[in-house]
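Shared between the two complexes below is subunit A, which pairs with subunit B and subunit C, respectively.
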Partner chain A sequence: MKKDVKKYLLTAVAAVLLLAFPLLVDNLYIQHSFFMIFLFATIGLGWNLIGGYGAQLSLGHAAFFAVGAYTAVLFVIYQSLTPLIGGLVGVVIAVAVAGLIGYPCFRLRGPYFTLATIAAGEIVRTLLLHFQDFTGGANGIPLPYKGDNFLFLQFSSKAPYYYLALAMFVVVFFLVRYLEHAKMGRYLAAIREDQDAAESLGVQTHKVKMFALLISAAITAACGVLYAFSVSFIDPDSVAGLNLSIEIAVVVIVGGIGTLWGPVIGSVVVIFLTEMTNLYLGDIRSGASLVLYGLLLILVISIRPQGLSSFFRRN
Partner chain B sequence: MRGKQWKLFSVILVLVFAASMFAGCGGGDKKAEPQKVTEVKIAFMNPLSGSNVDAGQQDLNAAELAVEDINNAGGIKALGGAKIKLVVVDTTSDPKQAASVAERTFSSEKVAGMVGTGISGLTLPILPVAEKAKVPLITNSINDQITAQGYKYTFQVTPKGSQFGGTQVEFLKFLNEKFKLGITKVAVVYENSGYGVSTAAGVKDIAAKAGLDMVLYEAYPHGFTDASPLVTKIKASGAQALFPVAYTTDAKLIINTMKSMNVNPVIIGGGAGFLWPAFAKEMGDAVNGFVSVASWNWDSKSITANKDLVAVTERYEKKFGTFMTEHAGPTYVAVRLIAEAIEKAGSADPTKVRDALASFNSNTGMAAMMQPGTTKFDEKGWNSPVHPVMIQWQDGKPRTVFPAEDSTRAFEFKK
Partner chain C sequence: MGAILEVKNLKKSFGGIQALKDVSFDVAEGEILGLIGPNGSGKSTFVNTVCGLYRPDGGQVALRGKNITGLEPAMVARAGIARTFQASRPFLNLTVLDNVIVSALLDETLVDAAEKNARQAIEVAGLSQYINTKSCNLPVEKRKRLDLCRALALKPSLLMLDEVMAGLNPKEMEDGLDLVRAINRQGVTVIFIEHVMKAVVSLCHRVVVFDQGCMLADGEPHAVMQDERVVKAYLGGSYKPC
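This part shows the complex of A and B:
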């Protein structure tokens, strides 16, 4: 009983702090950084469903991010349709794309699956480049500036983006927490430990993995929509590039693969490292910031291969 | 349960810690501005790491030279000789990071204006950030979309990507007339990037209007290692003139492959790779004779006619060991224009600097450094008088050879 009270109290304090944050800290950059932290934590949570719990390492998640971002933005450009609807369409299309990718790829295991996801991601990027009359190609698409406009997710302040990202994070966090302990989580864990054994026990591995991928894709696509409107500019390299796919995986791997808190901790650490190395070493000409960023990541991975969240595990 | 509490607690701790770290190095400049201004900050944002570092370095050289020149000449006189200080910021070559870096700079530093970036894909995500922060920026990137968004704080000093094709096609007409080449079939090969796509699209539209037959329009990936399929296509198309849009290493690969396969159309380069010092280094003496379009060149007539401007290009060459590049020139101008706008506004307040830029119209001083010698921004923030030029490599340097009003040397025809 006492423990529960303490737990709720802590949660309440955290909630109040997070909600009041933009009021307490009016520095736009810090708000933006926290926006990025929540965004990547959310994508990481989504990625973790298939990449962590199911141990099917995907390096093609940028494809879903891009489909969400591009669909919503193209609807605004061509139809002046609000991203609140366009984004939903984007999520649906991303889920369909995930089905298309998952169907053949889940026949492969281990590194072969990973290679297939890289290829799938590259296909999406190449298509975006190819149909340049429609997508803007390598030029990218800037969103027309409309001033404050909720329907078009354009705000002159950062706070609304912060709250949107926070809301998305909270929803996804509790969804994943639920799934972790639901049947699906158990199935995924069985697949992670030994896929053949799981199958022999009657787990429909193909179906379970597919379900996890579809949810994962939906979450990633929704994050893509939010990203596109907060930055107001997308191009194939930044939203569909292999770099983004890797960054998503790195966030989770650093934080702790297959754990609920892993993506959260990973996102805080990775975004923080990116920003700090850029701030302190960015004006050194040789790109020292990226070197240090890389070194720190190597350090983290070699000291704690299970991820940083394992520091808090009690067994 | 206890484990969870600890996790939650630690995450909150880390978040608070992160916030204080961000704050420590970010904010704190909230104090009221002192009456006497001794220093005015201008932000410089360009890629100093990642794949676009070459361009960023040229931009940085030029910006530092401009600040040095302004300060040596007594700083901002309207503000009692206040010195300019450059706030150098690395956007990296990642658009996502560029937006974040801009956010940081504008919320932590009180800058009067910003210059950069030289890469369209990095400039575009910064525009909305600058608009919201009400900081005027002058960019030297060329994408048409930059000044098509209705931003009030965006100024583009360079020609637009879509103009390059026009200049190249005009130049081809000039060749046809002067040397009776009878070229009707043309090919475009371009790098699949923002710069490549917009430049190539410009050529395509205008070539069609000029009655040229576009026999090949082909993209290739940046950094490709085998150009022979591409060159085979060029050969099969029967193109008499080729418009390649490429960075240095790709340009060299295409040219060498063409040589070895004995494919010899007239080559009219699309900027970037055909203009940078690295191209001369890669090609050696064989560089002489190549022609390319350029958004700016160090020896256009408006510069050589003015000894102050010649002195700038000489100082650059002395300090950095190469001629002043297409990236460097407009960046130098951008820094000087912001300084002039501060002078005119008599204030380092970014909104006043913005107003001064919006009404800027001059053909003297540094404003004469952009072809054709006049700089003024239209209602969209674009430097409307500006146009590209054609250069030809002669004696190891790019020289302006076309159009006649800007050229300082005659085009030398080699076949």
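This part shows the complex of A and C:
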């Protein structure tokens, strides 16, 4: 009983602090960092559905992120369509792409899914580079400024993006928390443990994995939309690169794969370190961040293979 | 009563080894059928082929007249056939309860409802004292019991038990046999694979004998045990007269 009260009090304090954060800290850089933490925590929660709970390692989630980001941005540019709708179209396309990857791969065992996700990421990136008249190619594409306008997810301050990321995080967190203990989570756990045994109990493993992947892709694409509008500029390397796919996986693996809090803790650590390297090693950034992910992975896996969240677990 | 399972000319080879050469027999609705034979005679391969884990090279399997040949294992389970694995395969990092909830979810959408059914199956299987134990901490014979319990929670119409009694002492074996009888009385047809002949004779209504992928005999347990070919091929070596 007392423990419950303490838990609710802590939650309430955390909620108030998170809501008041942009009022308390007006440094734009720090506000953006917190936006990134919630954004990556959300993507990580989504990635974890298939990569963690389902144990199907994806190294191509940037594909879904990029499809969401580019679709929403291109609809604004060519159709002046609000990203609230354009983003939804992006999510649907990302889900379709996920279906194309999952359908053949989830009937096979072995590394095929991982390989296919890497390929999908590269295909999306290559297509974005190839159709440069339409997408801006390697130069990327800036978002036309439409003034402070919720319909176009454009704001004169950083705070609204922070709140949107926070809201998305909260929704996805509770969705994943629900799914983890629902039928889908139980089936994914069975698949992770022993696929043959799971099938002998009537679990249609390819369907369950597919369902997890589709939800995962949808979440990632939605995050891509929000990201694109918060930075007002996207290019293939930053939203469709293998770097991003790896960063997403590293966030979850470092934090604790297959756990609810893993992506959250992983995001705090990885984003903090990434922003630090950006700050101090800006010139050689892209190389530096990959080295950083590598070192971080080695460190965590050698000390705490279950990820950092296991430090917080009772018993 | 009619046949619940009809197996016709079932064949399965692994490379050069014909594990099932040409097997045909029916299983009657409601019976406990003993399936015996020396090691390597194809009993487990039969279970795995009927369940869809192995794709048959030829032949048909029908459940209550419906062709289920070559269906994927999940669909066979959904059609009403449950099985245990000879080397039990619990979900090692899950508790006994969470293991059984997975199978109870076949008929339920909500975990709470499945949990209720799972607790019942665990009670019936006599695993209540281990309900919150992680299954990697169970001794081998309890793991086998868990396999059986999970199969039971599927509420199958046909249950195939592949050496679930191995490693039990005589008292535990008696309890195990009583459990299978109780399951059978609920209307579940059972295919029972076992090496201890006393158990087979006391439990089974009928016995089929495999030898080197072929059916050697099929009939009433006592009669089969006295069949000369059976004695020669199988019982001569490992018959335990106890």
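Throughout what follows, the second predicted complex is superposed on the first by the 291 of 315 C-alpha atoms of A that agree within 3 Å, B and C clash if a C-alpha of one lies under 4 Å from a C-alpha of the other, contacts with A are read in each partner's own complex, and residues count from 1 in each chain.
As a working rule, a contact is a pair of C-beta atoms (placed from the backbone, for glycine too) under 8 Å apart; a residue touches a chain by one contact, two chains touch by 3 or more.
A quick note: this is a predicted structure, and the numbers were derived from the prediction, not measured.
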Touching partner for A:103 - first (subunit B), second (subunit C), both, neither: neither
Partner, of subunit C and subunit B, that touches more residues belonging to subunit A: B
Which superposed partner A:131 touches (first subunit B, second subunit C, both, neither): neither
Touching partner for A:182 - first (subunit B), second (subunit C), both, neither: second
Touching partner for A:201 - first (subunit B), second (subunit C), both, neither: second
First (subunit B), second (subunit C), both or neither touched by A:25: first
Partner chain(s) touched by A:193 [first = subunit B, second = subunit C, both, neither]: second
First (subunit B), second (subunit C), both or neither touched by A:78: neither
Subunit C to subunit A touching residues, read off their complex: 51, 53, 72-75, 77-78, 82-83, 85, 89-94, 98, 101-103, 105-106, 109-111, 114, 150-151, 154
Subunit B to subunit A touching residues, read off their complex: 1-12, 14-16, 18-19, 21-23, 25-27, 48-50, 53, 57, 60, 88-90, 92, 94-97, 99-101, 103-104, 106-108, 120-121, 124-125, 127-128, 131-133, 143, 145, 149-151, 192-194, 196-198, 219
Of subunit A, residues touching subunit C in the complex: 181-183, 186-187, 189-190, 193-194, 196-205
Subunit B-touching residues of subunit A, taken from the complex the two chains share: 3-4, 6-7, 10-11, 13-14, 17, 21, 25, 27-30, 32-34, 36-37, 129, 132, 137-140, 142-145, 156-158, 227, 231-233, 235, 237-238, 243, 261, 264-265, 268-269, 272, 274-276, 278-280, 282-290, 309, 312-314
